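There are structures below to look over.
The following pair of complexes shares a single chain, chain A, combined with chain B in the former and chain C in the latter.
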Partner chain A sequence: MTHHYRINGSMIQQFSGKPVSIIGTVSKIHPSGNVLDLETSDQQHIVVRSSDHIVDVNPGNIIEVLGEVDNRNQIACDTIVTFEPEQTANFDMDMYNQAVMLFQHYPQDYLVNL
Partner chain B sequence: MANQRLTTGALLRYIRGSTTEKAILQVVGIKSIESKTDDPSNASKRYRLMLSDGKSTFSSCMLGTQMNKLIETESLKENSIVRIDRVMVNSIDKQNGRVMLMLYELEVLQSDSERIGDPVALPLTDIINNNGASTNRLETTNNNQAPTAAPAPAAAPSTTNVIRQGSKALPTLDDRKKPNGDNRFAGKGGNSIDKERIINIDTLNPYMNKWTIKARVSNKGAIRTYENARGPGKLFSCDLVDQSGEIRATAFNAECDKFHSMLEIGEVYYIAKASLKAANRQFNTTNNDYEMTFNHDTIIEACDAGEGENIPQVQFNFIPISEIANRSANSTCDVIGVVKSTSDMQTIVSRASQKEFNKREILLVDEKASISVTLWGQQAEEFDGSSNQVLAFKGIKIGDFNGRTLSCMNSTLIRQDPTETPRTVELRVWFDNEGKSIDLPDLSKGADVGSRQTPIKTLSQIISEGLGLGDKPDYISVKAMTTLIKKDTAVYMMCPEERCGKKVVDENNGSYRCEKCNKTYSNFKWAYMVSAEISDSTGSQWITVFRNEAEALLGVTADEFGNHKLNQSESIIEDIVRKAMNHERIFKLRAKADQYNDERRIRFTCVSVADIDWPSHGRRLIDEIKQMEPTQN
Partner chain C sequence: MALWEQGGGSGFQQRKAGGSGDNDTGSGQRSTVKGVLTCTVATILNAKHSESDNCFVYKHLKFNTVMVMGLIREANHEANGSLATYQIDDHSGGLLEIKWWHDDSGEPMKPLTYIKVVGQVKTFNNKVHVVAHHINKMQSLNELLAHSIECVHASMSIRKQGELTGTGMTSNTSHTSGQTQQSSAIANGFTPVQNAVLNVLKTVTSMTGYSVTEICKQLKQFSENQVKQALEFLSGEGHIYSTTDDDHFRAASN
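So, the complex of A and B:
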């Protein structure tokens, strides 16, 4: 599996065309069932388009989206990772955001593709 | 409109060497320089002018003596507009910004005039070489408010117009000049507040000349005495706030006496002619890059009743209690919450000073978290938290005992049910409805289980720091996973006698002998003594895990494990062991050296095993990373 760069909302433009992973809270699912609004770890709102119908996801859930940034700064997503409530109960979104920024800040120390 | 008559920017251009320009400037100050020679004739008098180009002023402009008569006949006076026909720059000490403009020829265009514009003194940084090579030294100069070299006596060379280079006899730019408000050029009416020039606190900086602020004293400290190399002194500090921001002001000695009794907390004053310098972040945590010092020229006037209504009482920058977990110890913050409970008064004796201190702890809560706050001295004695009031703290110190705590300092401002912020009402409503009955995550309860007062270390640090080799046992916490468990010796048959704990000998006839008790029993108890190897990314270590901790590690009681062993249920045992391994936890270990025959070995005993609290672990890592970064704040 290719490495997906962990990013937040403000980094989307920098990663245009690259495979990314974004963790965020679902704010809305469009009536079409293929598109959702995600609030990212830095409180920005992005649009995620899924190739398949989105299931098992509700507003307020924390999910991880794996996909690519398209030329409209939206995510073309091929995988949505959902979590059990117990797993996300203690999740500190702000700290995750700080971690994401640290990864960018110190790319030489954040090892991927070992 | 009148500004266009003056050549703006000309002063800086002259200083930088473009002296062919014939700029039109305004005289904003004239000072005669005493001559050291005995020559009584006026021809030796030297005049120093402060010139303005409408935007900036420069005070080191020496008038060529052949033009002295212009001043004596009052053709050239304050506010006169002149055209500079010939000028030269004299760089006494360009590195420190000590330059002078020598005015060799000028013509008075207009003797009488109004002051044009509101020029401010040229910052020294602009005067110094553009590469800014000396900027750091300059900052220090300004901050200390003292010229780095001895102020030169203001003597003028006797009869010639040529200024001797490098002579100490020349007046310098910083000659006894406070960065703000040069007295020698005080205009008329310099003793009263100019209410036209009121500016916002957040625009104050050391390079401004004339300003007035209208501010409320939000906090005033007591007078404190100190001793330094220059002898004893006293000071007090106060915080000033207006609608744009806040700033700390300090008064020393004479000014301390003068203003301490005059300034009242909560009242609004006009203040002018104080010095400004960069804030000393060690003592000053107000939200301003600068701090103020009241000096000999400072004017403070009380505001008439009603005039100060638009000035807020105090500036709070609240952070949620949960955010305190992310702040480092010994920093300060502003916080607001409800007093959920109050402890009794406690008296502690300081180990260092043998002094007694009174303190009281409050549990402060907001919608997401709670934290312990310590009050001291009189505040502690007088505090009554029975009404569960909303308390706001400004500039309270963060401590890291058992997680995070807050402690009041001398300078901390406490407000009860403050009206300036909507948070008071929000918290009140929340508390009365739900807050009082729920339990919130407490930052003061050592969020990392098992790491309370035990430092978290890596396994390699055990060797590198020689842990366990001292006389006393060392206690550390590690984040590690079990990589090996000696399952065959995990349990042993233990003497059933309470508190004995010794291994019994199985006499294979239904009896079990305990040598320690010197008795034979018909039964025994299974007990854990698990040898396990734990590993982290830096190394591995064998430890021994007993009793409850082993039970926590393996997930079954010693009895159950023993029974499986008796029943030779190998697969069940393997299952148990497998589940316990390769699973990260926080192990609190006790390291102590044992003398066993001739060998000295370090024994590691597991004192506790706990699951990792990922959010607080992550926060700790972020803190550690931040500490490793070069300081930016």
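So, the complex of A and C:
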């Protein structure tokens, strides 16, 4: 498991080709069943392409997507983490968005394996 | 008192023998670094064990007991046994092995769920793992969020302490949910301001000592108010005394 950068929508471009983790709200699942549209913590929309058929995910759910940013600024995802409703009720998405920027600003304190 | 409820810092250094609850089976050596460090998996995986400090060290962080939160990637439950082994991933890089000796209550945790672990860092065959004291399923995503922020806070707090006092102080922020954590540790029983003022006064060579203004000039990181308060405290305790007037001080131990 390599280090995955926690990012939001506006950071996608600068992390092209890098492994990322994004927490967001599912806005739409494509009929193909392999692609979903995710609303990020800074209210942007990104496309997530999964290697497997997406199961247990519905629009409005908060999920975590782990994967890589491809050259089209979409996420090639290998893992989708789903949560129980009790776990995501009252989730402070704004705070999460601020935290994402915090981790960027303090690399000497948010210690990772680069 | 549960291990993770101990405060960090010098107040808890003196422990009664046998009351440590440290799981230091048979070593006979009590760890000097107390308290629980909230940190990332990468911190633990990159740490080296220090014989002299009897703890694990990575950069400015020293620890024996940690609190981590991560996604279970692999779960192995011993058949008919009480040992469960989890590999957890918090995306900081690498997988951390958690050993959990449990009773039969509670359902086993499954992969792709987040858990919070408090436990002791151990090495075996040159590889680190954590022996868990407590494992809990993540209650809310806000918990994960708070934990990640606390990792930054703990590290920053410890780093700043080290810079202020200039000593290799090992102080960890302890974490208990619902309680404000102690983030400013005390060195030698003094706060960082008091320590700094005392150290300045210890360098005095003249009989007059230093004036408040001179001390403030040497300690630009503190406000005049902070310096004055520190002086009041130190003279009240007898560590310093005033000389030619109320504005000039010397350290008592000079």
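Worth a mention:
One rule holds in what follows: the second predicted complex is superposed on the first by the 112 of 114 C-alpha atoms of A that agree within 3 Å, B and C clash if a C-alpha of one lies under 4 Å from a C-alpha of the other, contacts with A are read in each partner's own complex, and residues count from 1 in each chain.
Throughout what follows, a residue touches a chain if its C-beta (ideal position, glycine included) is under 8 Å from a C-beta of that chain, and two chains touch if they have at least 3 such contacts.
It should be emphasised that the depicted structure is a prediction, and the values quoted were computed from it without experimental measurement.
When the two structures are aligned on the shared chain, A:10 is found in touch with neither chain B nor chain C.
Of the two partner chains, neither chain B nor chain C is touched by A:74. Comparing chain C and chain B on the residues of chain A they touch gives the larger count to C. In the superposed model, A:34 makes contact with neither chain B nor chain C. Shared-chain residue A:2: touches chain C; no touch with chain B.
By the document's definition of touching, of the two partners only chain C reaches A:23; chain B does not. Of the two partner chains, chain C is the only one that A:103 touches; chain B does not reach it. In the superposition on chain A, contact is made by A:92 with both chain B and chain C. Annotation: chain A residues 90-92, 95, 99, 102 touch chain B in one complex and chain C in the other.
Of all residues in chain A, only 90-92, 94-95, 98-99, 102 touch chain B in the complex they form. Per the touch definition, chain B reaches chain A in the complex via residues 326, 613-615, 618-619, 622, 625. For chain C in complex with chain A, the residues that touch the partner chain are 39-40, 42-43, 45-46, 58-59, 61, 71, 73, 89, 91-95, 112, 114, 138-142, 145, 148-149, 151-153, 155-156, 159. Chain A contributes residues 1-4, 6, 21, 23, 62, 66, 79, 81-83, 86-92, 95-96, 99, 102-103, 106, 108-114 to its touches with chain C in the complex.
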